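These notes open a run of structures that come right after.
Two complexes are shown next, each including chain A; its partner changes from chain B in the first to chain C in the second.
After this line comes the complex of A and B, so read on.
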């Protein structure tokens, strides 16, 4: 129970800091809104194919996450609180708390971006269940990779721009299968047709999450 | 600590396998003729040359047509707007890349897989008996 309490405390601490400044949420949402608005202007009134729509949505999500999620670890080092956390908690608690916090941010980003995307591009979703499932699995994979890498990058001086560079190549399987499944959801196909894509997303989320749990101790230790 | 490592590695291995198996089937890319006709987009089809059906090269239009049997057994006419690829008769396997247009598969590229003259003794003998200086394993047209 101690472990859960510690992880929860770190989550709550990050949430309160975030609610005070709204730095990460503003970055994520402004980037997503701006990008989607520009996409809507660039495409114009002509309808585009489901594959293009799915690709655009995922690219906006991935870039927004790679820009906005690196903040929480950088803040620990800038505010000189990292040492305090190391003294009082175990690494796995820090990881769990930050993961939960980032998951909340990605969920917010996904919800808002998808809503705006629907509004601007006027697309209807053929099978909402598959759509929601794809986005949820994709968000989980995205969060676990980003949390580990942002912890890594925060240690490097001036590492901010490094995060997208390290992150985007790792996200290729997520992008490919996310776009594939989203396209099928937009076209209104059934769950079973997107089986390969969904299993890839499950595998991606699981593999990156277990790798992150294993590696975080070494990233976090001084 | 030890337990965590073992458990973590096992989970990573399991999920990693799931990822690679399913990701591979998404980007694999080979189809049979039916699937290629259904997508209507550019596709790779792998199969063998159906030798019993007529094969023709029209010099005037510069088109080479032949019949190909794909891996699920469907035979379909393939048109290729180029001369016949080198080594075509010796091919064990043919890969055509193109799209279906009105029951004819119009190939942009034909890849010919020939028996290796280095690995199998049978292939070596065939090559030797023909005593020709042809490119070794495969030819991209």
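After this line comes the complex of A and C, so read on.
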């Protein structure tokens, strides 16, 4: 099978299954909404600093991703379809398809969570371009790390609670740079001031994505 | 490493005894010289400069253990030799131990230099926080290992996690701490080991101390590998017991 066709087929399969049950998307969005509401209640009406706002937004995104993205590989093992995929496709196609699907979920999560966040906390963004760029780069890094680790955790018997334990320490660089750049975007600073953070985000996404592509073969092989 | 992994016991005994003797002698000397030796008196640092002989070598040992662990994980993925998995695991354990010791010695040092007079033990200096995250990553490595029952899958999944974590470590240890204001040497605007923070007289204790702590880490590591190798042999059925040892080529 052509590589692109294979990856696209796996993406379409996941998307179709997701559209039937909407389990992953609903879990993600409801978790994010619940967490944001809790934050809004806990903070109350008084304004908080840009750093705290940026930190809260990123923590909600990271926790929602660590809880909601673990399903896709577990479902392959539970439904006994992993062997079928192994027979018909190469590992890299499976990884690319799942990565694309997870990227869609994370993009949806980021859009909805950010919108609700700004609505609830009444935040205005000083420089929208920098804000969107930071979130996009962060979403890419978040997706690549989460996709590989969810494939690892799917092989473990414990399952669920293991993913956040493994994921959160690895995402610390993403969190630190993401919060730094988001804070500057909320304050309305220019792109050039967030250069260090953005370059770190690009490097993190690139490094984790390349490592994930190289290592996925060993996770997927029996 | 590869030569010693091909003997029946995964360590060369003569080498082990030689290193053990050297480490005992040199570390004793380092401890005596470190606590009672002459050190140059600098403002703020004063007597706490003695911690250099202990804190910094512990971080070097952590780095060495991290690299050894990743090296054996990569080999395990390539060939599937059981002893590589054990080596990666035990090196990760040594990394946890030396990382923990490095954090404790670092906390004590920071308490009496950076935070003197404030009573603060921990104030989220980037180097300290990132070191704590590094320990969390290795903690996750052991949790992941415990969650998988089949030895083959456990070794492979743990090796993948180990290598993936190593990819993110440069961000934690080198990139981020340099972007943030830090009091730690090697941070923004304060180079480590320049003329100002390592007096020539201290090098005579510091360099042997680095070698001795690396040797100590190696001794602990090889003993742990031997122990787990024997355990594996006892637990496995007689037919597949690792008596021949030479498995590197056949798998």
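Simple rule for what comes next: the second predicted complex is superposed on the first by the 221 of 222 C-alpha atoms of A that agree within 3 Å, B and C clash if a C-alpha of one lies under 4 Å from a C-alpha of the other, contacts with A are read in each partner's own complex, and residues count from 1 in each chain.
Convention: contacts are C-beta pairs under 8 Å (C-beta built on N, C-alpha and C of every residue); 3 or more make two chains touch, one makes a residue touch a chain.
These numbers were taken from a predicted model, which means no experiment stands behind them.
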TODO: Following the overlay on chain A, give me a clash-or-fit verdict for chain B and chain C.
DONE: clash
Open item on the list: Contacts for A:176 in the overlay, against chain B (first) and chain C (second): which applies, first, second, both or neither?
Closed with: both
TODO: For A:33, decide between first (touching chain B), second (touching chain C), both and neither.
DONE: neither
Task: Larger contact residue set on chain A - chain B or chain C - done: C
Open item on the list: For A:156, using the defined touch cut-off, is the partner it touches chain B, chain C, both, or neither? Pick first, second, both or neither.
Closed with: second
TODO: Could you tell me if A:196 is touching chain B, chain C, both of them or neither one (first, second, both, neither)?
DONE: both
TODO: Please indicate which partner A:206 is in contact with in the superposed arrangement: first for chain B, second for chain C, both, or neither.
DONE: first
TODO: Could you look at A:107 and tell me whether it touches chain B, chain C, both or neither (first, second, both, neither)?
DONE: neither
- [ ] Clash-wise, after the superposition, say which stretch of chain B runs into chain C: 6-14, 60-68 or 114-122.
- [x] 114-122
- [ ] Would you tell me the residues on chain A in contact with chain B in one complex that are also in contact with chain C in the other?
- [x] 173, 176-177, 196-197, 200, 203-204, 207, 211
Task: Residue ranges of chain A touching chain B (in the complex, touch as defined) - done: 173, 176-177, 180, 195-197, 199-200, 202-207, 209-211, 213-214
Task: Partner chain A, residues of chain B touching it in the complex - done: 4-5, 8-9, 11-12, 14-23, 25-27
Task: Touching residues (chain side chain A, partner chain C) in the complex - done: 145, 148-149, 152-153, 155-158, 162, 165-166, 168-170, 172-173, 176-177, 196-197, 200, 203-204, 207-208, 211-212, 215, 218-219, 221
TODO: Going by the contact rule at the top, pick out the chain C residues touching chain A in the complex.
DONE: 77, 130, 133, 136-137, 140, 143-144, 147-149, 153, 156-157, 159-161, 163-165, 167-168, 170-172, 175-176, 179-180
